[in-house]
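Here come two complexes built around chain A, the first alongside chain B, the second alongside chain C.
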Partner chain A sequence: MSVRERLPGGSVLPAGRAEQALLVGGLCILVAAVFLLTPLSATIPGALYVFFEVGILFVIYGLLVLGLDLQYGHTGLVNFGHVVFFAVGAYAVAMLSAEGSFEGVALGYPWMFALVVGVVAAAVLGAVVGATSLRLRDDFLAIVTLATAEIFHTLFVNFRGVFGGNVGILGVPQPVADLAADSDTSLVATLLLFGGVTALTLGMLTRLTDAPYGRVLRAIRADELVTRSVGKSTFRYKMQAFVYGAALAGFAGGLFALYNGAVAPGFFTIQVTVTVWIGMLLGGASNHRAVLAGLAIIMGLRLVSRFALDVSPVAADAFASVRLIVVGLILVLVIRYRPAGIWGDERELGVES
Partner chain B sequence: MSLLDVDGLTKTFGGLRALDDLSVAVDRGELVGVMGPNGAGKSTFFNCVSGVVTPDAGRVTFDGRDVTGDPPETLAKSGLVRTFQQTRELETMTVRDNVRLAAPDQRGERTLPALLRTSGMQDEERAVRERADDLIAAFELDHLRDEYSGALSGGQRKLLELARVLMLDPDLLLLDEPFAGVNPTLTNDIADRVRGLNDDGMTVVIIEHELETLTDLVDRLVVLQQGSLLVEGDPATVVEDPRVIEAYLGE
Partner chain C sequence: MGVAQNVVFGLVTGSYIAIAAIGFTLIYGIVNMINFAYGEYLTIGAFIGILTVGVLPLPLPVAAVVAMVGGGLVSLLLARVFFTPINQTGPVPMLLTSIGLGLALRNGIRLTAGRGSRYFDTETATLRFDGLPALSVGPVDLLGDVFVTSEQLVVVGCAVGVFVVVHTLLTRTDVGIAMRAMGDDESLARVRGIDTQRIRDNVWVLAGVLAALAGVLLGIQTNVSAGTGFSQILQILSAAILGGAGSPYGAIAGAYVIGLVLALSTVFLPTGMTGLSSAIAFLILIGVLLVKPSGLAGREVREA
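Showing the complex of A and B:
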């Protein structure tokens, strides 16, 4: 930061928020590196395992919700098939890097190369869907994305020779687990590393949307024709927002595959899309931190319900339905009393009740 | 040579012929008024010229280039900017952001400079903010700077829309009913501003129903009827023309 920007009134862009996230992200990655590259090891008490597992899933889904919020919260693009980009990233990474999978393609390339290809594959799919559908009205984009997700899900299940069917791809390398001294250290390092990546992403997206770039995106959400008539090529911006979101989801998918060591269709159901959408609406769309917080609430509920299951009088499958009902009720309450989400700005989203 | 040249413009919506072989030319530096009864094709004329709808036939030439069917963003970048009959604000954005958005060629609107927060981009944004604040102050909206534009009154919205298009510093400004629903004092105020812009060299075309304000303001009047040119010429002569009186008042 230059001296001039520190002077009162010197900086024109909201300072601090993005830098804070970037700093936290960098620190998390540093600590993760210490765990992985030194003999230092961590021990997790047995009761806390589940917190780490859900936490890792949360920071991976965090990338999904940040990308979705760039598309929907800022630009107003309704993407009901976000999981497909997550899945494509994960499958691309798994198929390229896996060695000796039970079924399906396993090419055994280095995982870094696979991760790059996974991001590119998701971005390309995003570009194809965007190029064909972004000129359509909002509701058509919603249908196209939903259909794309279903098509790919069916492909993954049915092309057993390529995608491994319901079993999926096994034998994906787990670079973090390989480097770590034991499984506890691996969990801690994974959470720190992925959390750091999510925080870095949060910082970069905050920079992007605090800049004039974000102003154009929000203008498109407000009124595309006005935005065009003041000389902005709105299609290009919609395309970029859509592709960035897709690429982020692909990246998240790649991280998931490399953490999980396997991918299967069961990990990439519409449930993922629903979870990130509810998290985003609950927290407050178009506010990066709020959507992460909303997602944390929804996923925290999952955690609470795991403990609640032990003390509840109903069977496990009945309890799953109860959980869905609770999530639905929360969503209804939020939409009724806080239509812009818990931390969302009602005037900013134009939903004043 | 004329700045805007519209030649044989035709547009039909289903069975309705909204524009029928309309030819109009506007010279650089002119202040032209467009009037005509409801449904005469005034707004369709603007929509075709500004790229919001594509004409079925005919040619639009702006600054010597054929721009027929060019999208609004291309036209806006090349200096042809319009306002809307029903004021369209970006209601979920503040007055400041409404005006700042229109600043052309901002580096911060591209991904990399926005991500890297380059100092060039920040300097540019600083200049944009200053210019936007000057315009907002010039239109006496400064007390509403950080208000969301959805909260503005009808007249304030008209002013904000003007401030926003002026941010683009257009060569040709198309104003679609800038006085509609505006009180007489504000009407005179807006008229004075338009006159001032024209004196500074901006070419302006105004659609308006408010006859008196329009005839006092413009250099030349164009009257449309049923999608074609009825009469054009000196405002004083045009309003006395029996065909115009008939079109407006009936026989």
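Showing the complex of A and C:
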């Protein structure tokens, strides 16, 4: 066994997977561009609409889960307010780029500029939260981040003049829909484009965490004191991981705003954080592909319940409750019986099942 | 409305938060977990009470006792099934388990009890103090007319009763002293022959009883629906951490601070922004964790 393999977390993924993801991402974006820039158009059969809608949401949440996995899976930072960075990115993009919103700020700047500012805004918030709270014990970091998310949620609801209250910001430009020939083509192109972006992110993050840099992050999770004692500035690494994750969430928020054409507090509840966390734990934290697969399972439940709804006599909101009960119990069962997740490495995570 | 009236509201809010926060903080101190499902315990208690009043025509005080017994049993059962088996895994897995359990419980309640809100039908007597002179500072009236309803007196009275009982329990009984010993140092407590698992069970029962009482009081004072507990959990948690997680006395103080801040912020905030009061409670929480993480009384939560 070589030295490299014996190091904790020597290599999670065999070389080449990062390149695969980058390749797939690039191809997806190319195909999306073909759909958008040529008169080529797609038609989606009625029954499949829901797959595309959930699929787009999945790739956007995919960015969230990748960022969270960098924070929790690799570095061990228990961020339970991940939705706040998503929301800040989305609101920043919406307020800067929207034109003629019903209520709230709408500045009408170009969307590309807005997207950059959205990412920066989320990163700055991440830096502020990180600088103040990353020294807290794990479970208290969870509480601070959760409280931060709740504070921002309250701000969004209450400052109607700025954030548009419960209605949110309307009239956000939808660049993909504007370019596409019709709404079906726009859905297909959006899924390909965002899916490509998520795949590219997966590739880049895999590169990052396969590098010695990722090894330091995993060492911090395993034992911060030891890592510090070999001369690593652990706080700086934790801070970087936290800010990267926050910026990625802000980017996801920006994409969401530009796809959805509107943002409202209802899109950014604690439910988003819970979904992403459960997806990550189910798949297996610290394995980028696994967390995406776990998230796919959890979000796939939405599809199952959508179709089961058609054949069952129960009311829709009763069905939503049943789905959430199942999701909650999955979380409980995963932590109890497979603490490393389905595809996670138990030895790597230092947990016993 | 004057400041004095809001102080009354604040004391009432603080009272039921305090009752719940004692239970929350005992779980934190002795089982060593943040129980995010704890809000649901309030909801369960309140619904047991409402069911008792509705199905069996029992008077409200009896129903409250039934709810407390039921709440204690439910809490013990949930702990035995969900938390005791993973006691050794550390705080984060237990926190996550409680989040999953909370999600399942909340929706289970919603499924069985529906979305509507319920309340206890009580006769209300209102005590008015109208003669107070206005003492205005700027736009804010410091005194003004004050009223207190009998329901509010019941809530505050129950809280004071709970404080006395919990204090007596913790200082005068073997179980309570064992609880405090475990909160200080579990291994040392075990060495001294304390059956730590039995004490943990006792803490779960006590926490469930307190949560159920807080839930019933919420139902008397306002109303309860499936989402009630969840909307209270962050305030309970803020109170417990503000007071120094693990310390029941700190939790009481923290609860009244939170209650008063929530009520008074409605006086000082411009109209239309009163929804911000909960954000202010969380700001206090974050501030406390950053400046004095050990809270008003309690232990260190900072690692490095």
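To be clear about the criterion, the second predicted complex is superposed on the first by the 339 of 353 C-alpha atoms of A that agree within 3 Å, B and C clash if a C-alpha of one lies under 4 Å from a C-alpha of the other, contacts with A are read in each partner's own complex, and residues count from 1 in each chain.
As a working rule, a residue touches a chain if its C-beta (ideal position, glycine included) is under 8 Å from a C-beta of that chain, and two chains touch if they have at least 3 such contacts.
Just so we're clear, the structure is a prediction, and the values are computed from it rather than from any experiment.
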After superposing on the shared chain, does chain C or chain B touch more chain A residues? C
Tell me which partner A:216 touches in the superposition: chain B (first), chain C (second), both or neither. first
Looking at A:207, would you say it contacts chain B, chain C, both, or neither? Reply first, second, both or neither. first
In the superposed arrangement, which partner chain does A:240 touch: chain B (first), chain C (second), both, or neither? first
When the two structures are overlaid on chain A, which partner does A:258 contact: first (chain B), second (chain C), both, or neither? neither
Identify the partner contact of A:95: answer first if only chain B is touched, second if only chain C is, both if each is, neither if none is. neither
In the overlay, answer first, second, both or neither for which of chain B and chain C A:274 touches. second
Thinking of the overlay built on chain A, is A:142 touched by chain B (first), by chain C (second), by both, or by neither? second
On chain A, the residue positions that both chain B and chain C contact, one per complex: none
For the chain C and chain A complex, residues of the former touching the latter: 33-34, 82, 85-86, 89, 91-93, 95-97, 99-108, 110-111, 115, 234, 237-238, 241, 272-273, 275-276, 278-279, 282-283, 285-286, 289-290, 293, 301-304
With touch defined as at the start, can you tell me which chain B residues reach chain A in the complex? 50, 52, 71-73, 76-77, 81-82, 84, 88-93, 97, 100-104, 106, 108-111, 113-115, 117, 119, 121-122, 125-126, 128-129, 148, 150-151, 164-165, 167-168
Name, in rising order, each residue of chain A that touches chain B in their complex. 2, 5, 11-13, 204, 207-208, 211-216, 218-219, 221-223, 225-234, 240, 244, 347-350
For the complex, give me every residue of chain A touching chain C. 78, 132-133, 135-140, 142-144, 146-148, 150-151, 154-155, 157-160, 224, 235, 274, 277-278, 281, 317-318, 320-322, 324-325, 327-332, 335-336, 339, 351
